[in-house]
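For reference, the structure I am asking about is given below.
Each chain gets a letter, A, B, C and D, in the order it is written, and its residues are counted from 1.
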Amino acid sequence: MTDFMLFLPELFFIFGALLFFVFSLRKAPNPAGYHRWAVVVAAVGLLVTVASSHQEGMLFFNCYRVDLFSQIFKVLLALGTIWVIFSSGELKGIDPRQHAEYYFLIFVCTLAMMLLVSSVELLTIYVSIELSSYSLYLLVPMRRNDDRFSETAIKYFMVGVTASGLMIFGISLLFGVAHTTYVPQLMKVLPTVIAQPGAIVGLILALAGFFFKLALFPFHIWAPDVYQGAANQVTTYIATVSKMAAAAMIIRFAGLSGGASPAMVKLLIVLSIASMTFGNLVALIQKDMKRLLAYSSIAHAGYILIGILTLTSQGYACAIYYAAAYLVMNYSVFLVIMKVADDGHNLQIKELAGLHKRSPLLAMTLMLGLFGLAGIPPTAGFTGKFLVFAAALNKGYLFLVIIGMVNATISLYYYLIVIKAAYLLKPVKEYPAVHVDLWTRVVSIGLVVMTIYLGIFPDQFLSITESAARTLF
Amino acid sequence: MGALFRDPVLFATVLGTNLPFLSMAVILLFTRSKPFVSSRISVCSIAVSAVCAVSLLVRLFSAPALQYQTLWFSSDKLNITFGYYLDPLSLLMLTIVGIIACLVQIYSLGYMAGDPGYSRYYAFQSLFAWAMMNMVIAGSMLQLFIFWEMVGLASYFLIGFYYEKWSASQAGKKAFVMNRVGDVGFFLGLILLLIAFGNLGIPELNHAAVTHGLPQGLLTVSSLLIFCGVIGKSAQFPLLTWLPDAMEGPTPVSALLHSATMVAAGVYMFSRIFPFFSASPDTMAVALAIGTVTMLLSSTMAMVTYDLKQVWAYSTVSQLGYMVMALASGGYVAGVFHLTTHAGFKALLFLTSGIFIHEFHTNDMRIIGKKGGRKLKIPMVCMAIGALALSGVFPFSGFFSKEAILTVLASQPSKIWYAAGLFGAVLTAYYSFRLIFHILLPKGGIEEAHHEEHGASSHEHEEGHHGYIFWTMAVPVMILAGVSLVLGFTEHTLEHFLMRSIQVPGELVAPAAHAVSVAAHVAAGGAHHAHEAGSPLLTILGVSAGLLGIAIAWFEYGRKGASRNGFLSYFPAIWKLFDCRWFLDIFYRKGLDTLVYAGLTSLFTKNDRRVIDGGIDGICVFTEGSGRLFSFLQSGMLQFNLLLMVLGAGAAVLYFVI
Amino acid sequence: MNSLTTYLIISALLFSLGLLGILQRRNLIGMLISVELLLNAANLNFMAYNRFVSPDPVTGQVITLFVMGLAAAEAAIGLSIILALYRKMHSINIEAAQKMKG
Amino acid sequence: MTAMNMAGFPILTTILMTTIVGLLVIIFIPPEKTKLIKQVSLASASTGLALCLWLYHAYDFHKGGLQFVERVLWVKSLGIYWFNGIDGINLPMMLLTSVVLFTAVWTMWELENRVKEFYALVFLLVAGVYGVFMSMDLFWIFVWYDVSLFPMYPLIAIWGGTRKEYGAMKLTLYLLAGSAFILPAILFLWAKAGGHTFDLFMLQKIGFSLFDQKVAFLMLYLGFGILAAVWPFHTWSPVGHVAAPTAVSMIHAGVLMKLGAYGVLRIGMMLCPQGAVYWSHLMALLGTIGIIYGALVGLAQTDLKYVIGYSSVSHMGLVGLGLATMSVNGINGAVFQMFAHGIMTALFFSSVGFIYDRTHTKIIPELGGLSKTMPIASAFFIFAALAGIGVPLMASFWAELLVLTAAVKVFPVAGILACVGMILSALFMLRVVQRTFYGDKNPKWEHIPDISRFLAVPRVVLMSCILFFGLFPKVMLDVIQSTVIPFVTRF
């Protein structure tokens, strides 16, 4: 019975997925009805996840661990899922006949990610990752036929399977070196064998799979195309929920490097710097809002990695905090994108012109979200950056932090361009009015409040993430 | 506060010096649009101030030097005090300032009547009076400096009073900036003293200088720097060109500020810390040289100009040069005495010139002469008195003071200074009477008798109509003329007054008075020399120098059939040299234009735009460009991207394996 | 010859071939097959390690089974996407798909 | 957020709250009610001013040290405290902020375009400024510092003038680039101190190694120096000022630039005294270059705001020089100069703003003869110019005196050059005054009425401030000194 309770959120999402599987079999689609159902399911799912957030225990022959760390991420995943589903009311980007499948795949994907964050067995991890990836492979091409973006799916798929091929090969090498695929065991064994080439190659290849999920340079190559090519809601899902899972996985896996192997840390530092710099620089020249956010997400992967590469519990806690903050802020921005481009087209930056008149609330949400992403206080994004930088400096990585800050300044430029569009530019042509319903208002205000609250009062949440990070050791 | 009312001296000091400020505030804040009220407020307050000044002089005539001071603020070890130092010198100067300011303001009632900026004029006049009086009685050098600057500020406003005239505002700016140049030296000197000595109280400073409380090097450097202030304010070489330009202001302003009082502030400051200066022979030598050069240079300039006010302006500069010479050669009393008499007769000259200018609407002496300047009898007589005083003719005041100076100069080891002084006296007399004869005996007589008659009658008419205006201008002039007549005879009293306070240490400020007493050896020596040992030969030489100048002027301009061109017109090059102020202005202008505007400023501006700002913009462009460059990594070709990814992983592996 | 090294070399070869194929083949089906090679290289590794070094004889085999299953699903998804692409572009050459860049 | 550790009423938080409450109230007022928004803004600003005046009055400078302390643990794991206090260095700055805010709000009374957003952003900005000045915790100092910077972007970009978008972007990016050095430096110090407190005074007790101090101070100096317009990081200042609307220029040049110098003093010199001494020659050099360079470049400008921008560079150079002397007089003078320059430059921009509002130009050659048509408005500018020249009996004179005294003593060459800079500043200020206000009546501006009594009020307030502290410098110096004297013992 206790086992059942431990697995409750996952079970619930299985139930949701099944429900929509059934719906998808129906002949006559009923998008509005599906949406209501999906919201209810996701809401209950969130409640269930929150309710079981203090569970602890092991399942499935100890290859499935339920602890504070995993539960926090499950809450974040469920939260992200309900937001995405909530915004799927006007799913114009996807054929109405596929809506049921869309919800089905979303639930499956969330389920897979929940499994992922609790997995402590390489096999489980692999299977969960694949499950979530497959859902996404299918979600991406659902976009209503727009020839410009038809190549997205195949690119995503190809990169994805290559990365997972690399990862499983890496895992096989790890298995060969350490004779185990159980993560806690690996953590013990790996430091002793890290000198072997097989271990290193295995570790790097395995990490490549996770980095792929997080879209870290140079494993980012799918991100811009997918962000741009997928339907807005799907992009939102990838940008928010999927990021959480990847971050969780890397945090869990980073410990594998066996204490603080200096070479490993150096590698991570290089990756982090490369990712930040590349993402921010290329984002400077983007015109498409989603593509811009894709590059921004590449940069943010770098920031998250700063927290992780400290390999201390403080660093992990900060990384978790950062990830959560990123979820909130990124969703704020995507919410605005989905609302402004509610016919499902790809939003160009210049289309935001005059947003402050069309919808002051959305404009403010956008501004706060972007300022958060840029790391301007008093938003959660700033506090997150502050925390990860603090963690890095505690390990003495001054140079890394300076580069991080310089990058933050660069990133501010393109965020300001967007804000400028929303607040300053006069629209060149008449854009349709933005329809903002009551619930969107509520959510927007909630996001704004959350962004600022997390930024100013980080203490409570930070203490939770700290205890979560401690469970990793 | 109680002390203020209990002590009548303090009360009179505070009231007298600060009443003008009050009047300025009232005028600026409330009565700007009511010129009549403004002017009355200002005149009344300055009259009260003058009365206070005179009564202080009388009351403290035989009293020891008084010092009041309170802590203004302190920072670290610096204690900046605010206080008054009432000794004979300051009382004398206070009286001069009060009286002349009062007369000038009364005069201005008529002169400025109908001017749109009447209220503003009186506000600035009050500002000036306030600043000047406070400067005179300042207890510390810093306070003196502060009001010195305020005086400069008032002068800036008053020179540029007709600000719609470009030349006026230009002249105001020039005056301020040139003064600033000197003041920076002054300021640096003060800072140096502040650092090394820590106290800027005037008596303390003098005391320390005399008792060798200051190292000689510091003394010399700081006194030289402070002397820069004198150079600036008293228009000494090489900063003398602002003063002639300052004549752009209304004539009463020229009279008050730029001849009688403000420009004398430099000389006053020199005499104020005379013991301090005299403790450094090097500084004294420099000052003597500068004073002489100034005196000669400006006299020559005065010889060629036809502008009434310009003549007096150059003359002022040269007389200031005399004063500096006197002080620099140790003639404390001679210098101060000349300052006093000069204040009287130069104000007189300017104010009478003002009457002419007001009447004929021109500054050109030839035109005034032609239009019948001599018909204005009272001003003509007064001007003649002033010119005689300036030329040092007995029994006018200038005679006594100039004799005193020449005597002091004669006592210098090198006779060259004396010779220069004599030569200057000749030139002074020459240019003064050149002007007088131009107006009195114009070339070709007075133009068109008929017209002149008409003019005279209309003048009469005007006089009747504006009698009030004429008399407000004439009365102060006559008073000053009277003063110029009698002031010379007060030499002994004044000398006694100045010397007495030095010789008899006061009970209240014993150390200070002591300081002065010791310092006064040089000063008194010179003065006594002048008084006691002044040989008849020197007197004869001095008087004959003046008479010689007048004679030359008569020969050239006065006598029948005189060429009225001046002997200098035979030497066009020299004429040009004098007329262009020895090319000093051109030199400055060029220097400023090439060095500052065309040189540093444009260089720095270009640097700012191109290098610094361009660098910043360049960084931005570079950043964006590198973004563009990196974006090629994200090519559309999938396999290129995959290759990148694999290479990345491979590089990582290689890094570890190797 | 029946040693771990042999298998490792073979799997490394498979892996390299797979990578090469992915990077070099322009045909999408070819690329998909190359990915399968990657997975098979991993499978071979698992089996080999399982046989020679693992203390527990099950792990590797289980993983191999899972990977095979997932590979099948992957191929199905991949083929369906390729099919969809083919319908739009009438080509399964990857060079046809390079509109999105920058 | 446990362990309440404060004595009495949290006056500082209340001052901060006046702006934040003002901001929130404005947010909930419908945008059409501009009058109400302005009234609310003014009320909030006046409350802040009143509280700051009270604070100034209540601060006991005989006792000195940190007073009105509020200290609450904020984030336990990192050692962040909500720690506010007042000492002699930030008290003048608080007063300055409140005065400038008050006058700025009043100055913008005629604003019609997007009033609500404007005032909301201004209050956000000023909340940041108050926050930086009152915080004694590095985290909060940095938070407020950034909070005070980013509203500049919309404020300039929306309501600005010449090349506003360029100026806004440049200014914002440049200034935030500065924080790219500040944040690492702060965290560096925190980490070197063991990573358990951001409390400034606890950090002060920890002796950082000389090397650490050098590194941290350099970063802090660069970071904050950008905001303080230290040469050669000053170019944002003229560009930004030219672009910004009046009130923003006032607040920005008046207060925000002081944040930079304050940061160097409060964080850099307080935590890294030895590092500061090590770099003091650099500071003096850059400060002196700034003084002379600013004045010289200002000479060639044709835009009124550019001129003032460069004069700010020059004046802030003086602040830098004062700080570099590391002596009581120098720092006293620097802090005093920060205050005096703040008020003065606010007056400058306020008058220029009025002129610009009426004539729609601030190009000097197009102006001219303004004294004829608007004598009072011109008088305000001329007054400010005189203060800028350093005419005695105005606040900045004392500051200059103190700074130069200290500078001549410590860095004689720099001190003498700085004195020479005074000539240049006189030259260029008077040049501007002459070209803008003197000269013949310009028919273009003949019909323009002079400034109204109502709009004159903020200018008069600023003028009286300059005069008051010019006549009674003791009122301010006693306060500053009470903190500076113990401060310099650490160098």
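In this text, contacts are C-beta pairs under 8 Å (C-beta built on N, C-alpha and C of every residue); 3 or more make two chains touch, one makes a residue touch a chain.
Computed from a predicted model, the values in this text were never measured in an experiment.
Interface comparison, A-B versus B-C: the higher count of C-beta contacts falls to A-B.
With centres defined as mean CA coordinates, subunit B is found 78 Å away from subunit A. Subunit C and subunit D have centres, each the mean of its CA atoms, that are 64 Å apart.
Put simply, the C-alpha centre of subunit B and that of subunit C have 97 angstrom between them. Computed from the mean C-alpha positions, the centre of subunit A lies at a distance of 26 Å from the centre of subunit C.
In subunit A, the residues that reach two or more other chains under the touch definition are 154-155, 158, 162, 166, 224, 282, 285, 413.
Looking at subunit C, residues 22, 94, 97-100, 102 sit in touch with two or more other chains. Counting only residues that touch two or more partner chains, subunit D has 173. Contact annotation for chain pairs lists A-B, A-C, A-D, B-C, B-D, with touch applied as defined. The residues of subunit D lying in touch with subunit A in their complex are 1, 74-78, 117, 139, 142-144, 146-147, 150, 153-154, 157-158, 165, 169, 172-173, 176-177, 179-181, 183-184, 187-188, 190-191, 195, 215, 219.
Taken together, the subunit C residues at the contact with subunit A in this complex read 8, 11, 15, 18, 22, 28, 31-32, 35, 38-39, 41-43, 45-46, 48-49, 53-55, 59-60, 62-63, 66-67, 70, 73-74, 77-78, 81-82, 84-85, 88-89, 94, 96-100, 102.
If you check the complex, the residues on subunit C that touch subunit B are 19, 22-24, 26, 94-95, 97-102.
Interface residues of subunit A facing subunit C in the complex, by the touch rule stated above, are 122-123, 126-127, 130, 134, 137-138, 141, 145, 147-155, 157-158, 161-162, 164-166, 168-169, 171-173, 175-176, 179-181, 224-225, 228-229, 282, 285-286.
By the touch criterion stated above, subunit B contacts subunit C in their complex at residues 631-632, 634-639, 642-643, 646.
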